[in-house]
Every structure is written in structure tokens, then in C-alpha cells.
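Both of the next two complexes hold chain A, though its partner changes from chain B to chain C.
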Partner chain A sequence: MKSFEYGDSEVGRKEVLAGVANMVIGFGVLTLPRTVANATHSIDGWISISLGGLSVIFFAGVLAKLISRFPKKNLHEFTSLIINKPIATILTFLFASYMMLFICYEMRVVAEISKLYLFDQTPTEVICFVFFLVTIYAVSGPSTVILRLNLLFMPIILFIIFLLIVMNIGFFEFKTTKPFFQTGWSGILRGSKETIFSFLGFETLLFYNSFINAPKNTVKFTIMGMSIPLLLYLLVFVFVVGVFGVEVAENTLYPTAELAKRVEIPGGFFERFESVFFTIWVVTLFSTASMAFDVTLLAFTSIFKKIKRMTFIFFLSPLIYIIAMSPQNFAETSIFGEWISYLGIGFSMFMPLLLLVIAMMRGVKGNG
Partner chain B sequence: MLRHVFNKRLKYQKQNVEDKQNDMPSTIYTDIQANLDNIKRILNAPSDFIQRIFTISDSEKKCAIVCIDGLVDKDMINDQLIKNIQLGMQTAKKEVPASSDEILKKLKNEVLSTYELKIVDILDDVLLAILSGDTALFINGTDKVLLVGSKGWDSRGIDEPQTESLVRGPREGFTENIRTNTMLVRRQVKDPNLRLESSKVGRRSKRDLVVCYVEGIVHPDIVAEVNRRLKTIDIDEVAESGTIEQWIEDSSLSPFPQVLHTERPDKVASAILQGKVAILLDGTPFVLIAPTTFVSLFQSQEDYYERWIIGSLLRMLRYVAAFFAVFLPALYIALVSFHQGMIPSKLAFSIAGAREGVPFPAIIEALMMEATLELLREAGIRLPKPIGQTIGIVGGLVIGEAAVQAGIVSPVMIVAVAVTAISSFAIPSYGAGIAFRILRFGTMLAAGIFGLYGIILTYIMINIHITRLKSFGIPYSTPFAPMFYRDWKDVAIRAPITAISKRPQYMQTVDKTKIGKGDESS
Partner chain C sequence: MDKLCRSIWIFCLLFLVTGCWDQNEIEERGFVIGAAIDMVEEQTDDSGGEMSEIELGDKYKLTYQFVVPGNFIGGSSGGGQSGGGALEGKPFLNLTAEGASIHQITRKMAAETSRKPYLEHINLIVLSEELSRKGHLRDVMDFFVRDHEMRRVAKVMVSEGEARKVLEISPQHEKMPVLFIESLSENIVKHSTSLPPINMGDVHSYLLKGNSFIIPRIVVKNNKGAILGAAIFNSQDQKMIGTLNESETLGLNFITGKVKSAVPEFLINGQLVAFEIKGAESKIEADVSDKNQIKFTVKINVDGNVGELYGDLALENRSVLSEIEEKTAKEIERITNRVIDKIQKKYKADVFELGAYLKQEHYKTWQQVNKEWDKGENYFSKSVVDVQVRVDVRQIGASIKMVK
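Entry: the complex of A and B
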């Protein structure tokens, strides 16, 4: 069947924007106020967030610049052009493994949070399993579908955050935010380091590049996509500190969830807003996980061209599930997450920078 | 033993039929009697078969008309055909030519005062024409046949559409007659670019099928794709446009209709002017519209007839209705059995109080009530109209009230089920309503096992499915994903008529503007 003009294998710039934003917004927003407050001990955390955010946006720009240099090519293809094929294969393989670990972490976190706020008796394994089944259903279709789903989910996520903020305006007290500018440079920098972790995820573009139909706009829309989480994090942090004060923010596991608990729906239509918040939040965690899984598959299929996507799904899924279940408790999960974040910094910030520099030095360009 | 005999007999009969079909000569003889005999033999001389042999004017030439009683307009055959042939040549003071071919031509060009005439020389064409209600004229001495259009059977008049009645809007609906239907479409769209491509479908039923679109608006790929899929139809009987729908749809596993059907000519007219394709089939008032998107399931033609505020609000109401139809019982189950803390305490007490005597978990209670409701609905359709109301009373009052009294279900559950039922009827497309009913059971089960978490996962799955689904190459989820901002004016709301100046972008129409710029000089 002849495909319709925009129907099949291409996505536009809006999908890039929503995809980047949705990939980045994830688990981070729940813990970010705590980690930043722990480093800065005052409202000055907003400087950390801005600093961290802007520096990540710079690297996202670098990555976008790199991929827009090679339209319609993925990491494996353009690295083969820039350096050579064996190195490209090794890099892609490492990248795929990193993405795979990323899904494991994401899935585990979904299960932990749901257990905390929605269930008390259902075992983590089952919660995780159901979530994973839905993710498998998503990735068994074409990648463009997953990118397009972001367009459907983005408004919902922004709406629920917006609701969270608006409902808390009444509790916001300027008194608690004072005093300003108390934190030294070292504190602020430590805060930014924590922030950077929450901004990772845009590296999926390295593979989604092969679906983008307007390479000229990639840089612009990537940066726009990245600024959505930046604004969101700033708002959430300021509100957490403004509503609860720094001490509470430092000592709560999920300060953002506390913010949700504060919400009272006018008219008492229903109570416990945090349950609704988490229910909706599953959506964003799902988009992150499904995109990560999809990119893993894209990466593996770009190396092993003869093996079908479904075969990879079939063999990787049990592996991912087992890895996701292996951390024994929440502390181990956190350490697991931290290691993945370090890997992420390498893959999303240093690798593209290096590749771009080499590409520019050698003058390699895609023939698009 | 018996089976053996029986089989043998079957085999013999089959052989017989095959023989009969094989030695059916498909040629037309020059001898008129041979032709008549041949046709009679092929049709097995049915009781509604009419043949009449007479001579042309005062010549010695014999001719015969053949038609099927009931399918033809008798007055027309008497007045225009027989009378003209018998007398027409005389009154026109025209010589009867000597050769039969000449006579045929003369009849066609000068004598017969009817507009639908065709000369053919293949017997299959003749047979098909006769069976479709045309009349064949044989003349002794030629192997050519003149086909005269004489279709005229009893058919239902134009009536108000039964399944899609509106408060405001035209009262005309399609009928079973395809000519009437094309007439209704043509009357709505007098564009010279309106194309009606006819073909026949069904190996044995040979129904008339018309593909209708406006050239210069619709994207040519869509028409090509529709035609390509229609050509693949190879089935003996096309009973209704539903057969065609199921043959050409993209995914047969999806609960959502990928082709809309309608009884309203105005809906078809507006669809083809949006760059869609309509498929009309003879013998059914249901016309198919393709491609279809998710949002078009919520669009009623009336939205455009009412003022825009009303149209917009009603449209939003339908989205809410769809949400209720799919998720309301599931939310009830989730809240009652998993997240009691989310229910405001006063309401929680009253629900708990009401559920006190109910021996079942919420999911069983809900499934029972929903199943009862589906039963009532199905029974209500089958029953004759006067008895139908009885079902309403029995179902609504007796079962509802009695079930609560007996302590089988809680009153809150009855409220939830009732709201759900009403909501599913608020969807303009019947097929979509059914899709939501199916999905409801899925969400209920998910909620019964995983509560809110299950509901959100089902929601995600529905989203994945809709985004993946396509209708004739058009993504089902457009204009949301892929996103076309401009089309939102006619999706979530129904913007003022003057504000919707372009045709839907997602249809990639050739002619994009709907509203002219307006000539200032005039």
C-alpha cells in the first residue's frame, strides 16, 4: 500500500519538541526539590537549577547540531561516517545497553512509586510486569507512533503540573522563601550537578533523527523542548520551598508529592489529589520508558540488520525485567539510578560533543 | 451406505449443473427464436420472464423484447418502445431499411424516444441488463441487441433517516435505490467536479457501487487507494455496505470503525467537500465515508447548523460522554475497592452504607449490572415497537429497583450504570458507541484488578492503539498526533463558520480554502 504523505515514517518538529520534553520530564521532578535543597539549603536552588538546566540545554544544542548535520541518519550511521564502522558499532552497542538499563530503572521506579501511593499489598513484581506489558505493546509498533504519543500525553502532563501549582498558590508564603542569596558557589554548583541528572534523556534524538523530516529546525525545537522541563523544575522547586520551607523540602522523600497532598479540590469533589497526580504521572513515566525501549531496539537493529525487531523484543524483554527486579530495596534502586545517570552524562553530553568536534575537524557531512 | 448414495447424487447434480453452464452458448444468434430459447434456457424460464414478438411497422421483420416483470416500468415499455416500433416508422414516414443492422441503428437514432439506449453484441451484457431491469430488443437477422433503459420498480420513498435524526437540519435520508441516492448527493453539491464512478460488485449479486468524490479537492492518493481496495473485493454476495466496509478497512481487529456510515445526504456532501470519499451501494441506505478519524466520530452534522456556541458546547459534552461511557464504571470500581481514601468522607460513608448488604465485590456488582444493561438494550432492539416499551419499564424500574431492594447491587452502582448508558447514546456514530461499550468492559476488568493504575494503563493502551491505527493512510489520531493546530478549530470546538476558512489540513486537500477572501469591490 502506498503510504499517505505524512502518514508513515516521518515526524515533524512538534513531535521533536514534545518528545524531548516528555523524555526529560520523568521521575526527576519528584525528587529534584529535595536533592537541590540538600545542596543549597535555601531558595537559591533556583540558581542551581537554571545553571544546570542551561548547561544541559547547551549540550542538547550540541547534540541537535550534530544530528542536523546528518539528516535522516542514526548514531550508528553517522558515527561510521565520522570515525569508522567498528567504533560506530561499539559505541552503538554501549549506547543500546545504557538505554536498556535506563528502562530497567524507569520501570522499577514506576513500580516503587505506585506501591507507595496507589497500592499497599500488590507486589512490586506484578505492578512492574503490567507496566512492562503495556510498554512492549507500544514498542511492537512503529517508532513514529511512540513519538506521536508524546503529542497526546504532553498536554495532560503539563495540565496536571499546572493544576498542582495553581492549587497551591493559596499556600505559598514569601516568608518561607527568604532569605535570598545565602548559598555559596560550591553549594550552588553541587546543586547544579544534582539537577543535571534530571535533565537527561534527550539523547534519544541520536536515533530518532532518522525520522525527523525537517532537519533545519531540529536545534531550535530541541532547545525549546528542553526549556519546558527547565521552567517546570523551577516552578516546582520554588513552590515546594515557598509552601513548605527548605527544611521540609530537604527531609521529604518526594517533596513534589507533598505538594500534591496539600491540594484541596474545591467543593470536595474528591480527596487525595496525590493519587490522581501519580496516576497521571504514570503516563509520563510510560513515555520515557517506551521511548527508551524503542531507542534500544533501534540501536540493536541498526547493528544487527538481519535480526527482526520482534525477535529483539522477545529476547530483551525478559532480560530487562530481570534486571529491573534485581535491586533488593529502594536504596539499591537509587544507587542503580545514580550510576545510570553518570552513564547518561557520558552518552548525552560528552559523546555528541566529541563526535561533533571530530566531524567538524574532518569536515564530514551527511549527504542529505 | 446411505451417505454413499447421497454423495453420488450430489455429485451427479453438480455434474449436471456444470454441464448446463458449460454448454451455454455465450454468442448471440441471428435467428430471433434461437436467441429467445437460449435466454430462456439459461434463466430456466422463470415466471416473471416476459418476451413479446412482433413485427416492425408494416415490414415483415420480426423483433422481440425481453425483460423481467416487476423490474421494469411497464408504461414506458408500452408507450415508448412497442408503440414507437410498431407505429413510429409509419408516422415518421420513414422507410424501413432492408438490413436488420440498419433497422437497429435507425431505431436507436431516430425512432425511439427514450434516452438510455445501447447496442451490444455480448450475451453476458444482455443478461446482466435484463436482470438489472433493462429491456433487450432482438431483431431477426442481426446478432446485435439494443438495450433500452427501463428500470422502474417499487421502492421506498425518501424518508427521515431513522438512525440519525436531528432537531435541525434536512429531513431527507438515503433510500435503497442508488439512483435516488446519487440524486440526493448531486442536489447538495452542484459542482461540475463531482465525480460518481460506477462499478459492479459481487460475483453473483452484481450490485451497483458508486464511488463519489469531488475532483480538485480530494487528494488523488486517497481515491486511488479506495479504488484499489474496492477492486480487490471478490465475494459472491455483497449484502450491505457493511460487507464492503469490512473488506476495505485497515484493521479488522480494532474496535473502532475506520469507515463511517451515514444515512444523511448532507453529511456525505460535507464529507466529500472536506476531501473525503463516499461509497454508495445499491440496496442500502447506508453510505460509507472514508477515511475516518477518531475525532470525526464525535462530529454531528447538526453542530454546523446550530450557532457555534451551541455546537462547540455540544461537542465538548460528547467528549465528556465518551469519557464516562468508557471510564465511569471503572472509576467507581477503582475508588470503591482500592482507593476509598479518595472519596470525600461523607460520600464514602453513604456508599459504604449502601454497599453494606451487597455480598459481591464492586467488580462483580458492576459486571452484573452492565451485562443486564447490554441484555436490555439488545432485547429492546429485537422486540416489536409496542412491546419495546415494556422492556423499558421492566428493565428500568423493575430490575433496577428490585435489584437494590434484594441487596444484589448498591444504588450508587445503578446511578453509575445509568449515566454510562446514557453517555454511550450521546455519541453520534453508532459504531463508535459500540466501540466504547466494548472498551468499557476492558477498563472495568483492569480497574477491578489494579485500580487507578489499571485504568491509566488501559488509557495508555487505548492511546497507543488509536495512534497506531490508520484509515486509508490517514492516521486515526490526527489532527492531534500528527498535530495540525489549524484543524483544532473544528475538532475540540466548532469555531464560528467564518473562522473555519480552510479545509482540514490533515486531509491534504488539493483545494485548501473553504471561504473566499471576499471581494471588496462588490
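Entry: the complex of A and C
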């Protein structure tokens, strides 16, 4: 008889795929069409997205290669093996702080956008607080639960975004997407720089590695997981430009949200598709935020082995909330987000590459 | 005992913790389905007091049409009553207020009505001709594009005369003026003498692209509304610079390929023929060898039926059919050439979307002429637009000949 599949605290390859995809899809879906259109001024942004996406997928592959070299070990453990313990501790501490800032930003953005489109009267602080309470509840349990939750959310998210696309097919005008191939290389590259930010998040694998039970497939499924957001971003971008035109895409704060508002079902029976869209979107951000919080906790507990997970939750939560509330307005939040994105490039792309190169040079492998 | 205490506590929490900050009772919401914006007449009121800069500026008069749900079902059709009050049985209520910004006026209205204006369901925005001619279109549109409640699908129209009057018409077949006008604008495909509906999102994109554009025009006569012709806006400052009448709009629709159905009439041997157009396609080609005289060729392909025929023409004859085809083509050419002439000579504003065509197909040339396309140097008015029409008669109807 087959043993009970989900009884252990391990996750399989499906969870890796969904976890990566869910972590990456987040805030970016809403703003990406604008930032890319701003850089390229034409439909050629799809080249930027593909370019940016493929380069990030390359780095995600590097990261997956690194962690599959050390099965069942987290960042702290394998860095100790590759370099030495003090440096591993410093790196893990910095990584944990970065993840913590990432949650702050994520939470703040959820609150801001929910306030703009959904809760006109509710103060940002309250929206943020409620969202955070749910996140805290999620991370109080074991990590595998959060990872498995992704598998549950994934089909719903994909379904809603595809529904958004399908319902806008009628408004799509091929004419508005022309002319093709008119953007210079500098524009394309600037566009792909913007894209890279929207593809970050897969660095959580550095810690989730300790739960993955099939290390052989990690590289393959990480890349598959990363291609889901790439395809979604391409579709959404092409549709935003095809429906609204580049000029509108450039000048609307959240073009994808406007796409959701554009949906009109004949008969006037169902006009507010955006409410469904936003609900699902908040769900993706919830899973992103809870994974980030979970990884922060995993990172801290890997350094301070004696302190309990719950103790960290109690001490970190107020700190996270205060940092999340400290930007005063939209502009400050954006700057905050930009800095975090730069940190993210460092931690998710360059650090793993460096570690992999050192590990290969020294010939260090997990399990000895 | 401890368990009991705890369950009571949890039960209480259920009521204390749940709730909604943004709670809005549906009965307390005033659903706005249409808006009309006019200019307030200049008041030369020298009160002598200190006036802030804003108060010196132009003021708008905003009218919202609210739904009165109670009267919507079972109420009388609302015909024959005029004025803006919520008279007995009328399913709508028009409120008007004045102010310097649309947002402020909307707030003011909330103070005047028991139901807070809720804009999510606005279907129609009417701007007065005066406001459009003064170039305030872009200013008043800002609120509607910016506001999170608004959806981009609200239709935009320019009224002849006062915009408020449009919301006060007595509609036939429909209970509310706004819904009536909406269905009118959907019927336009039947005659193509006005534009297909232009919505707020379209206007936003016109303003951002900075091109000339046209908006359907609504005319109120004897308390009845009709959508006739179009208002032209220029590209420099988005001011309304003129209007197109019905046949000119039809010509323009032929060029932009938006004709779904139309009935041109002409004479053959002194007898009237009405040709029913079932579909028309237009294709633009351009010769860009000389940017000072770009040559556009607009090829229009028309399919249709013989709709009505007076006199004793026999349609079994192939030569008669080709004569009908030829005459129809001539008639369409006449209509289109007239509107091209008028636009190029008088208004010099590219409302045919020829600039967009250049951008899409001849990007290099477009970059050269882009800045001064229909302003300054005005390459648009210097260009040559040649129309070629090809007509195919598909069906002649059920009769060959009516009289002997």
C-alpha cells in the first residue's frame, strides 16, 4: 500500500513549480505593462520582457543547480560547507533582513492598492494590519503548509488571469500594436531592466531546499515555474497595448487593473470583473508575503538555533509593521521598492552564482 | 466551565471583530448613470471682496442623472414631464451644482441629496459645445479618468447647446434619458451618419497621443434627442473647432472603414434608387516619396443590395446592375471627397487617422512629419487623398420590376 503522501514535512516537485511561480507573480503583474511601455514606447516591449525573463530564468537555473548540489540543506548550512561558518552567518543574516524588508514593501503595496480600488474609507494602516495578521497566522504553522497552499492557489490565479485575457479579446485591435521593431537597443535594454524586478522572488528556494524531496528535478521544475510568469507577463503586456494603445499603457498607474475594469459582459449583468480580479490578486500577494515571512523566520532560526520560531514571530512582527508604515506616500514607497529590488538582484542572482562557482572550484558537494 | 467561558468569548468576538469599514448600504447610494457638464455664464459680479485664484477661473455646471429605483419598476414612462425634480413616478432625478472642479461639485451634491453619488455606473458623459470650444475637454476628463470608481467604457458626447438639456429629454421606449441615448448610439450602425460610440478610454488615449479626433454630437430638439454628426477637436490644444453634418460623417466613416450599413440615394434615368449597403471595407495605401505631398489612396469596397427602386427599371438586365454599381460608387466618392475637402481646407485636422496609418506602416516618414503633421507646417493638409470606390450588388430583393 502506498504511504500517506502528505504526512511528511517534505514537498515534491509540483510544489516547487507552484511555489516559484506564485512567489514571482505579485505586484509586477499590475505595473509591468506601464514600466515596460515607458522604456520602449511600442509593442516591442515583448522583446524586453522575453530578454529580461530569460536572463532571470538563467539565474534561477544557477540557483537551482546550487541547491540541488546540496540536498536538504539551507543557505546557512551549505554556505558553511562552501566557505566557512562566520561568513555563512553574515550572509544568512543579511538575506533574512532583505526578506524582511521585502515583506514590508509587499504589505504596504497591497494596502495602498486595495485602498485605491477597494476600500476608500479604511485607513491604509488598518488594511495593512489585517493583511499582516493573516500572514502571521499562516507562518505560525510549518513551512510545508504554505508551500502546499501554493498548489491550491495556482490554478485559480491562472484561471482568473486567462479569463481577463479572454474577456478582452473583443477589444484587442491588431492595428494599435503596430509598428513593430522600432525601438532602439537602449530602450529594449532599459525595458528588460524594469522586467527583471518583476521576476524576483525565486530566491526563497535557498531555504525551501531543505524540504524538497526530489533534488534531481529541482532545476527543471524551477525553470518551468519561472516560465509561467514569463508567459503571463507577455500575454498581459501584449493585451494592454493591444486594447489601450502604448500611450495609455504608459500613463496609467496600474494598466492591468484598467484591463480588468474594461471587461464588459453583454447584457449588463456582470460588470465588475475587477472585484474578482483584485480578490485573486490579493491572494497571490498573500502567498508571496507569507512565503517571504516564512523564509525570514527560517533564516533567523538557522542562525540562532536556540530561539524558537514563535519568539521570532513575536519580535519581528511589530518591527515589520513599523517599517512597512514608514514610507509617507506613493513616491517614497516606490523608492523603497526600487532599493529592495536592487538588493534582490544581489541576493537572488549574484550571490548564488558566486557560491556555485566557489563550490565547483573547491569541489564541495552536499552529503559528502 | 472554562470551556463555556471560552466559547462565549469566541462567540462575542464573532460580532465584535467582524465588520466592514467601507460599509455602504445599497439604499444609501445614489447611482449616477449620466453626467452633463456645462460652463457657467460669466458673472461680472464685482463684489469687491478678495477672491482666490480658483474663484476667478471658469466654473463648471455639472448635472448628474441619478436612478430612482423605486419609480423604475411600474412607474409611468416619465414622458411629458419636464424639469429636474423628482416628480412622482419619474425613474430618474437630475441634480445640478456649480463649482470650479468636478470633484468639488460632486462633493457638494452629496450634501444636497440623501444618497451619496456613486459613479461606478456612469454610462454617458455629455459635454456642452461651449465647454468643448473653450478647450476644457481635457480638464473635465481628468476627474473621470483619475477617479477609481469610474470605468473607461462610459460614452462621451458633445451636445449642441446646453448639455444639461440632453439629460432632460423625454425618451420614447425607454424610461431614462441616458439609457435612451445609449440605445440610440448603438443603433448608429444602422445608418452610419454619426460615429460609432466613443468612450472615455478612447478620449484618454486621443489626449495622450495628441492627435486630432472626433466625438459624436447629440442634438436636442423639441425635447427629443438625436445623435447627429460629429464634433472635431484639433491636435494643438484639444479645442473643438467645428462640426461635421450627417453626410460628412458618413463620408468620414467610409474612409475610416466604420460603415456597417448605410443607404445612399441617387437617380437613374431620373428615377430614385436607394442602395442598401451591407458592409464596407476601407484600405489605405500611401506613397511617401515626397513628404511635402504624401499621396494616400483610400480603396473602399462596398457590398450591398438594391433596397428601393422607383419607376420601371428591370433588374434582370446586367447593364442596369452595373449602372447601379457605378452610380453608387460615384455617390460615395462624392460624399467622401466633400468631407476630405472640407477637413483639409477648412479645419486642417487629421480626423481620418491617416497619421496613425503612417505611424503604423511608414514609420520613417512618420518620424519626419510627426511634429508638424496637422499643426504648424501641416503636412496633412498638403497631402493628397484619392478615393477609389468599388461596389458590388449582391442581391436585388424579391422583385424584378414593380410597374409595367
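The rule is short, and it goes like this: the second predicted complex is superposed on the first by the 356 of 368 C-alpha atoms of A that agree within 3 Å, B and C clash if a C-alpha of one lies under 4 Å from a C-alpha of the other, contacts with A are read in each partner's own complex, and residues count from 1 in each chain.
Keep in mind that, in the parts below, a residue touches a chain if its C-beta (ideal position, glycine included) is under 8 Å from a C-beta of that chain, and two chains touch if they have at least 3 such contacts.
Just so you know, these numbers come straight off a predicted model, no measurement behind them.
By the touch criterion defined above, A:275 reaches chain B but does not reach chain C. By the touch criterion defined above, A:360 reaches neither chain B nor chain C. In the overlay built on the shared chain, the residue A:54 is in contact with neither chain B nor chain C.
In the superposition on chain A, contact is made by A:119 with both chain B and chain C. Legend: residue contacts after superposition of the two complexes on their common chain; A:148 is shown touching chain B, with no touch to chain C.
Of the two partner chains placed around the shared chain by superposition, chain C is the only one that A:251 touches, whereas chain B remains out of contact. More chain A residues lie in contact with B than with the other chain of the pair chain B and chain C. Of the residues of chain A, those at positions 118-119, 122, 271-272 touch chain B in one of the two structures and chain C in the other.
Residues 219, 221-222, 224-225, 335, 338-339, 341-345, 450-457, 459-461, 463-464, 467-468, 470, 472-475, 477, 480-483, 508 of chain B are the ones that touch chain A when the two sit in their complex. By the touch criterion stated above, chain A contacts chain B in their complex at residues 1-8, 11-12, 14-15, 114, 118-119, 122, 127, 130-131, 134, 137-138, 141-142, 145, 148-153, 268-272, 275-276, 279-280, 282-283, 286. Across the complex, chain C is touched by residues 116-123, 126, 175, 178-179, 182, 244-245, 247-248, 250-251, 258, 261-262, 264, 271-272 of chain A. Chain C meets chain A in the complex at residues 21-22, 120-121, 148, 151-153, 201, 204-205, 208-209, 356, 359-361, 363.
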